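Once you've had a glance at the structure underneath, I'll fire off some questions.
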């Protein structure tokens, strides 16, 4: 007994170091979607809590597995050895190993409950950016009801400001997840779920749907772009042009951010590519599901596909599937199902190569 | 109350024990146990092949080895198969074979009901796997979350096969659970009080209680889902005011106890093996019993810890978090008592012992990651990622499968009268141990680094490739280890049946009769004075036991073979399976009525047929 | 094992038809009270009575139905005479069932409040 | 049922209670959770129906092809009568069992017949109620109330039906003289099941019909 507890103590001293080793091993490479490098306050609170549990778990792991291994080596016997002493139990020992885990659990439970209450419900207060998140099979829609912006698969947020998400789905359950900013929150049809976080740094971050939602669940990624307030304001001003919310009168045309929308619209109307593209966008039936600058909108509230008004400025195409390049857009428009099998994006009619080229140029011109 | 069970009854008709008909009509718990084992092992291998295909697909980013649809079917069927057609019926094999032997009974309480359970299980398993042949394998996950399972989002028969298949399997589980529960309550040998039952019997007993209380809930949830899909209701559909979250609650009220249904039998097996191979009684027997019961009891109060990310609110989160943490206490007690059993013993590191120790060592890992998930904010990062996949494979593979494999090596000589080769067994253990850990430990890293579950592929820029490749190689090693096991069993089958009655110096009643046991198990049941009756006798005999002789069964009355259980099982299959046809065929209910007629006819013939 | 002898058909401990009849009468009266509580609670017997009964009508109905339940279980299902093991087989699942129902009601009421925002 | 014959040569059970009686109690315990799931669903969906008819209040509902005001759908007197009948059937079956145990064949047959008739009457009441509701515009899929109500009471009704068939089978055996006192356990088990069906209704009646 004496010898073994010495070993146990030695192992226990090594535990935090071992645990750190484990984490370092895990983050040795750069994982853009890691939970272990929080970049937002919500994720940081979770991470602190997680580290507490990892330390406890590692200590217990090392101790218990150590004792187990020790027992295996120390008490190996041969078939003809005499029968060992027949011990049936030890009440003191049993009480001890019931009570000690209970204390460890209390040590975990207290910060847990505190954090549960801190991370629940909506964020309120002045300066909070309100965003509505709507999950779709298999892409994400983001709406900024106060700013009049509707976008898809790319959420822009100002750094250092709390953003408050009010989340639902247009079809089945999904789960909104940007690991470096916050934990997951599932979205349900017909109800809203809250989530909030505050970015600590600027940059482009990966997010992904985390609740199985059908054939292309794996391909339901999105980017979260944290930027300075100025960059964010400029982005908002651009996005407001042709926004379905502005067009439908849900948000007044220019109250929060002034934009040269009138001048720009005039310039666009004169452009020949613009006219050809717009005709094709309507004629080919894209308009049935997508919103686009300068095209009439079937409905302001239910978009079947992402708002494409500024698709040229986005980082990726098809819910984070591929970089936003001309070639990729052409591939996608030529045959969506070959790029993302089972996608709900259907072409009302087969497009010719020339039509695809026009459409690609037209869409990419809208930044 | 008489201690002898040899009754002075007229000699019974012992049917010949050969031919396929003898297997179809058998009501002998030992033969039904073997049927369960063989069937479940085949399904288990099928589930393993499904897993290997998934592992190959995930070996590199943007892989196209299988289509997204097929991948979704594979992970759905892998989960469904391993749980309902693999681990549960493998446990049922041990329930069948060893509960009656360990409590000193001739058979289970209701031998024909036992046969019925098996046939329903077999038909249900075939039914649900038949879907692969018509390209309609279930593909909405083993958890079948609404509203993805609605007609709108899951058209086709895929989900119907799942719903109806689980319903059929539920009938089998319920019938078996009642049977084993009553057997343990009512068929124990004289002197075997509850607190003298072997630990395997105890854990099996608790498992039956969980089955009895959890399965009705999933039955109702599946009925609602069936109604939604076939009869236009809106139980889980928001269009009609229903709420998809109801499915999650009902599913997990069943689903969490189900986890303990899968693991408790293994706890029992390991608690049998560790004392025998440490040559020392189980440490803290009573604590082991009550911790098992406490785990089961708490198991009904934690279901929503599967749903922290749904946003239930801080009070529900806190409640389910604390109740989940509480489970760690009795689980810890079990692990410490197992180590306490080994401590100071004379460890015989034979194959069953290696698997049992492996189970303990790996279950610790699964238990600790389980505590991590009980912290709701942290769980928000971990749920639906590979971290969870790692966690429950440490519990269900590292725990349940290792325990069941330990049981297979431990009891194989008793079941077949032949020893499995110990060297090959050890090779199997080390391959399985390494393969398992290489496959599943890196999943912790992947999950924490943001790889979600249930994805058929992942983009290259997330850097998931390295560990995925490691895992795939590990899984292949794991797969090959089972070939070693199969080869070992095949080799054993070529040897003469010369295993002694008690190759391990066992503590419980089954080791007192010849291997394999005779049809009637015990000619005379020895009186039981402790939890280790065979050791008592061995001590009384100065350390040795005489090899038991095969005796004539004349005068012992055994139940008569019957094919009505199998017929009735067909009735269950047709009645429930008929719902598949509602959309295809307007007179579908004629099939239902045919099934019901077979079912009712079977029940009446069964009821009026002499049992002996 | 004296429980054995009487379960095997020695029914001396079982109640008599007279007792069964009394139980039936009580059950009948309790059912009448339930309906009465419903009528009064919902204003069929005047507003004054309603004001008194309405706040407790759910409680009242639960108590009355629990009483009926207990009577049938104890006397008609013979749990009062039969070995305790049978009572355990019934009472624990019953408690679990009641807990599940209560928990579901609580969880769903909170779920609706948050989801509406 | 011939298991009873086997019973005589089986060795005595550990608890002293016949295994079949333990089994039926086990089944009853298990069924508690079946009905708990149904009742919780009914309760959490209470008041969530999007259209009428509703159980206790007036509502807008689709009837004869157009939306119109509908009366509350429940008829308390009818269901109270059904409840009383089911309660009395429980009383009758204990009398039948008493007769069976005492070897009083006349008592057995009389009261068992009365039980079966009561059971049939209850099923008739439910069939009448369901078809009446249907004509009032409450189909199975009309609203959440309808789906949860019909499923809950339908599950109970199918239990009653199984019970009636079971008891009727025993009645035929009793009439043929194949239910002597020594086999009264056959009736006792069926009676336990029957009482359970009754206590489930004891819960459903106030919770579904009497609570607004």
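Quick notes
By written order: A, B, C and D. Residues from 1 in each chain.
Keep in mind that, in the parts below, contacts are C-beta pairs under 8 Å (C-beta built on N, C-alpha and C of every residue); 3 or more make two chains touch, one makes a residue touch a chain.
Note that the structure is a prediction, hence the values are computed from the model and not measured.
When the C-beta pairs in contact are tallied for A-B and for B-D, the bigger tally goes to A-B.
For the pair chain A and chain B, the distance between C-alpha centroids works out to 36 Å. Chain B and chain D have Cα centroids separated by 34 Å.
Rounded to a whole number, the gap between the C-alpha centres of chain A and chain D is 51 angstrom.
As a whole-number value, the distance joining the C-alpha centres of chain C and chain D reads 16 Å.
For chain A, residues touching at least two other chains, in rising order: 121, 188, 190, 193-194. Residue positions of chain D touching 2 or more other chains, listed in rising order: 12-13, 15, 17, 22, 26, 29-30, 33, 36-37, 44. Residues of chain B found to touch two or more other chains are 1, 185, 212-213, 217, 243, 245, 253, 311, 313. Chain pairs recorded as touching, per the definition above, are A-B, A-C, B-C, B-D, C-D.
Taken in their complex, chain B has these residues touching chain C: 1, 185, 212-213, 217, 243, 245, 249, 253, 300, 304, 311-313, 315-316.
Looking at the complex, you find that chain C touches chain B at residues 1, 4, 85, 93, 96, 99-100, 104, 107-108, 110-111, 114.
Note for the complex: chain A touches chain C at residues 121-122, 166, 188, 190-194.
Those residues of chain B whose C-beta lies close enough to touch chain D in the complex are 1-2, 5, 7, 9, 106, 109-110, 174, 177-179, 181-182, 185-188, 192, 212-217, 219-221, 223-224, 227, 231-235, 240-243, 246, 250, 253, 557, 559, 607-612. Those residues of chain B that touch chain A in the shared complex are 67-69, 72, 140-141, 145, 147-148, 153, 238, 243-245, 278-281, 283-287, 309-311, 313-314, 317-318, 321-322, 325-326, 328-329, 332-333, 335-337, 339-340, 342-349, 357, 360-361, 364-365, 368-369, 371-372, 374-385, 444-445, 448-459, 461-464, 466, 543.
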